[in-house]
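For reference, the structure is listed below as structure tokens.
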Amino acid sequence: MAMERSKFLFTTVAFAALALYPFAAGSFGIDLVTKIMVYAVFALSLELLVGTTGLVCFGQAAFFGIGAYATVLLSSPTDAPSLAWLLPACVLAAAAYALFVGALTLRTKGVYFIMVTLAFAQMAYYVVHDTPLGGGTDGIYLTVKPVLGGLLDLDKPLALYGFTLGALVAVFGFLALLGRSRFGRALAGIRVNEQRMRATGFSTYPYKLAAFVISGGIAGLAGFLFAVKDGFVNPELMSWHLSGAVLIMIILGGLGHLRGALIGAFAFALLQELFKSEAIFGDFAKHWQLGLGLTIIASVALLPRGIVGVPRQWRERLVGRRIATTEVRHELAGPPPRVNFRVRSAEVPNELA
Amino acid sequence: MTLFRTTLVAAAIAGGAASPALAQTAPKLKVGLMLPATGTFAALGTAIEQGFRLYVAEQGGKLAGREIEFVKVDDESDPSKATDNVNKLIKRDNVDVLVGTVHSGVAMAMAKVAKETGTLLIVPNAGADAVTGPMCAPNIFRSSFSNWQPGYAMGEVMAKKGYKRVVTITWKYAAGDESVRGFKEAFEKGGGTVAKELSLPFPNVEFQALLTEIAAAKPDAVYTFFAGGGAVKFVKDYAAAGLKKSIPLYGAGFLTDGTLEAQGADADGLFTTLHYADSLGLPRDNAFRLAYAKSYKLQPDVYAVQGYDAAQMLATGLGAVKGDLSKKAEFAAAVEKARIDSPRGAFTISKSHNPVQDIYLRQVTGKENKLVGVASKSLADPGRGCRS
Amino acid sequence: MSSPEVLLHGRDITRRWGGLVAVNKVSLALVRGRVHAVIGTNGAGKSTLINILSGEIEPSDGQVALLGEDVTRWSQPRRARAGLGRSYQRNTIYPSFTVFENCRLAAQARTPQPWVWWRSAQRCEASTAAARAAAERAGLSALLDREAGLLSHGQKRQLEIAMCLATAPQVLLLDEPLAGMGAEETERMLALLAELKHGHAILLVEHDMDAVFRIADEITVMVNGAVIASGTPDAVRNSSEVRAAYLGEGH
Amino acid sequence: MDLATFLIQCLNALQYGLLLFLVASGLTLIFGIMGVINLAHGSFYMIGAYMAYALAPIVGSTFGGGFFATLGVGVVLAVLLGYVLEWAFFSFLYQREHLQQVLMTYGLILVFEELRSLLLGDDVHGVKPPDILAGTLPLGEMMTYPVYRLFISGVCLLLALGMYLVFTRTRLGMMIRAGSANREMVQSLGIDIKFLYRVVFAAGVAVAVVAGMVAAPVASVYPGMGNTVLIICFVVVVIGGIGSIRGALLASLVIGVVDTFGTVLLPQAAGVLVYVLMALILLWKPDGLFKAG
């Protein structure tokens, strides 16, 4: 059970570190880590789709943006809205759009699915960008932050940090349990071999739709947290750049593992901070994209399984033989999931007649 | 050490509290420059920074006795990162003054944080009307313009020229809409009518369809708002479509500012309105242009002027409060009463902290926006929605 | 034995791809306790037929009845839940899961209960028990913890059968289970099929002639989508049409 | 909208569609045929545009060549760039899953954007078309039509025909198509698939760079221009049906019409139209218009 324990150990240590961080950090550090945790929740929502179910959605920012915009549009400009109804409302708004998009898009496969999810996200983007509904391109403000009765006022950075950490732990726990449950194993089966799942009696469409809606809801939660933190929402929250960035995070971190999404979100943000810091790079900090780009390229070359795969990659190199032959535990997803939507699959015969 | 651990250590350095400044005489004044260093507006960010640094250098690196220390952040013109970048300057680097930025969406986020934290913010470019409208505040100033101003001035000019039917064309985003709204207000007051308001999604640059619409509508003239790459392409397409001869093209100054080299002959003769021109002939402007060319080996543009004036406004306020920025009310009062001796010509500050300035009519001749005359004298932004 | 119980019945099953008629008015019945083999050259329409029976492809016309019910319009998962298991010519297993997990996930189709998200799938007694039993019957109980992708070809074919059994089907559609098998593995598979015959009705699509004639109770021969002969192994061996089609003219 | 305007708008739609195909053609090779999700396609287009701007004076001074000489030099450099890129960054990626390619090409976007800023600065530039193509033709009583846009449409049709013929009528084309359908099979037949992939990738990069160079006089050369064309190129390839040159051409024309008339007739919804179109097509034919034909 070595793998299982080391995974649990890593996760508890990580969350403990996050819990202790505010005591050691300045107010900027708290803001920065709050934002990274929001992106971690967002990355976890995509991990459920891409890593677990093998559905590569390139429009996740739409649900994130809808969660954020719902937060602002539903709260009144004068008195503080209560968390008790605002949070579920935002999650439901995002999940509703996810239901609508999922119901339609899940009929397509592979790269076509990627592009049609992008299409629906761009539609949401332009609705918010071009119509006065969302305040147009300048965006709108959340003037009063939500509260929970007397005990939690999200306007205070520390309260928001705690609440975000709580949300992150809750989502991580929920997805970890879900992944091990019958529903999660069915999703993993759909990723590896949907044909076999149908042959044994699983109607795969409802499973995929359920995963899509849950993922949309969690992305909506991340959007809610983002809006509460910044108090300002802008159409760029729904742009394909953000959908791309969150996809990069979970690939960089390592697909098929919830820890991958966690690590990916932190690595992606901290790498940017690293390359942007004038303390280290002086004037060259202006060209931070070069450093980030080269690091990402290096990670593709050196870390085939993402950052989360590093320990196992080292053990294999040290032990010198395929570790999988003997004591492979029943791991959540085994080696990196072959999210290999056969662009050149058999049913798309490729003669250019 | 795995990649992950190295980044954690680096972040700890970046995330730690800033080193306290050693105070001998008056403590250093930390100015936070939040400008775009990457993306389409990178060149504008550089020009603004150089203009600001030039004025500080001319004062010997000190304003009101306090040495100036710069802290820079690349805002990437990305609104979703704006709040964090501002917090980095305010909370981590404890800057006393925020200067930024170009993109309106990012400026809106900066204005919100500045309003909440009370930190002094000087906007050196973003023309969003809201910054000196609903979002106005005692500690928020703008050294550039509101989108409304150049539009309104051109509205007056075209009305005076006797045009009756005009078509407007711009991208469908805040800057474009606000500029067209300013234009329409003045043009209709002057007896003209806007036959059609054409727009296309931002950042599309395929103008052929709308150029054909313009030809079909046969207006007396066209008013437009584009900037950067879009401005270059629109002017070239407009000329290539043969409309330049038949339907005169007017626009806000950004259509031809910083883009003349790329537009070449297609831009010759175009009339634009802006609060700056290449041949003002004012002694202050000539001195500024000489100093700028000497320090940076290239001619200044309107963005450099706006950066330069942001520094002047800061200096004026600091002088009045003897370098003590905690006296916010006196700072604001001093700047509101001040008369900024700017290269663009002296200007005062409106109640909503936007420059009350002459908007010049310019014409493109020989790769320069030559001054033709003053389109609107001391035009003040109405600052609608500003209650403070 | 009471009158032989027909579990799966196909009547005049036809499938046209544009002009090409892949399956032409094929009828057959699968009876519990008997192996019905379908043989024919490549392109005879065997795979199309099995895909129509399993519900992966819709027939152009004709009718499929499972346990007496008309399932022609039913989707494949629904037919599988009603007791129709199938294996594939190309291995369709979960290579990255262990052998045990392959069988357990197949068995889970019977008791999906996806809403119980908090309880680990490993603690679902129904699926774990069924998985162990199926693996046992298929002779894989020694390899439960092995990653399925690392099994030998023969073992993978056994796993296909095990995953079929794990869903406790009444009818088994087996698409060339002996393909690529050595002599010793073929023997073991035939023993398994003989043993499975009692509880199930089995359709066997196969090329290995002597294995077919040893195990099959009834044989149907297809050529170019149509049935040219059907009956007991002896009747089929002696029928002139089969000899003409298979062994060439004037033998 | 009277008839004359309608006809001119049709011409605009056709020309925009052909320009779209030209810009997306590099992607039809690398993404369509080879199945590599190439997010850096926009960067290759940007490199082409900046090459047209930066190479012109150099080529002019060295051996007095004009626009077409610069284009020739650009093509050679582009093929070299594509060849080296494939060898350095992609040769080991074909076996890996698609999302690793997404990560790699995302990294390349950042690197190219920054190298452009380091080498050529952040200003906006224009490129003059060659003198013989600089004229205009009268169009309707008010407008004129730039000859250079006709040249672009011509280049596009030539390119479409060339790619189509190479891929359907030649042994090289057949080998490439076989290779992308089943890489292992072709390798076992003794065909050097590694070299074949490098040729196709280099061709894909070259076509994207040439598109940038040819479009530069009509477009404009500014930082971040690659980003604006990236998504529409993927839309073209996917609507057309992956791997289908014919499909990509038809998709470009359809988008040209929808975008042109959308901007004019439904200005409020202009931004959304292309994506509504793609969603409808993919929901109606989940594998794109053409079955890779």
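Letters A, B, C and D mark the chains in the order given here, with residues in each chain numbered from 1 onward.
The working rule: contacts are C-beta pairs under 8 Å (C-beta built on N, C-alpha and C of every residue); 3 or more make two chains touch, one makes a residue touch a chain.
Everything quoted here is computed from the prediction, not taken from an experiment.
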item: Closest chain to the centre of mass proxy, which here is the mean CA position; value: A
item: Per Cα centroids, the chain farthest from subunit C; value: B
item: Chain pair with the most C-beta contacts; value: A-D
item: Averaged-CA centre spacing for the pair subunit B and subunit A, given as whole angstrom; value: 36
item: Averaged-CA centre spacing for the pair subunit D and subunit C, given as whole angstrom; value: 49
item: Distance from subunit C to subunit A - Cα centre to Cα centre, in angstrom; value: 41
item: Geometric centre distance via CA averages, subunit D-subunit A, whole Å; value: 31
item: Per-residue overlap in subunit B, given as positions that touch at least 2 other chains; value: 38, 172, 201
item: Sites on subunit A at which at least two other chains make contact; value: 126, 129-130, 289, 295, 299, 337-338
item: Sites on subunit D at which at least two other chains make contact; value: 113-114, 117, 271
item: Chain-chain contacts as defined at top; value: A-B, A-C, A-D, B-D
item: Touch list for subunit B against partner subunit A, complex; value: 2-4, 7-8, 10-11, 13-17, 37-38, 71-74, 78-80, 82-84, 87-88, 91-92, 104-105, 108-109, 112, 116, 128, 130, 172-174, 177, 201-202
item: Residues of subunit D that touch subunit A when the two form their complex; value: 35, 37, 39, 89, 92-93, 96-100, 102-104, 106-111, 113-115, 117-118, 164, 167-168, 173, 177, 180-182, 231, 234-235, 238, 242-246, 268-269, 271-272, 275-276, 278-279, 282-283, 286-288, 291-293
item: Complex interface listing, subunit A residues touching subunit D; value: 50, 56, 104-105, 107-109, 111-112, 115-116, 118-120, 122-123, 126-127, 129-131, 240, 244, 247-248, 251-252, 255, 287, 289-290, 292-297, 299-301, 304, 336-341, 343-344, 347-353
item: In the complex, subunit D residues that touch subunit B; value: 1-2, 4-5, 8-9, 12-13, 15-16, 113-114, 117, 121-126, 128, 136, 138-140, 142-146, 148-149, 218-225, 228, 259-261, 263-264, 267, 270-271
item: Contact set on subunit B toward subunit D in their complex; value: 38-40, 42-43, 46, 172, 198-201, 203-206, 208-213, 215-216, 218, 228-229, 232-233, 236-237, 240-243, 246-247, 258-259, 261-264
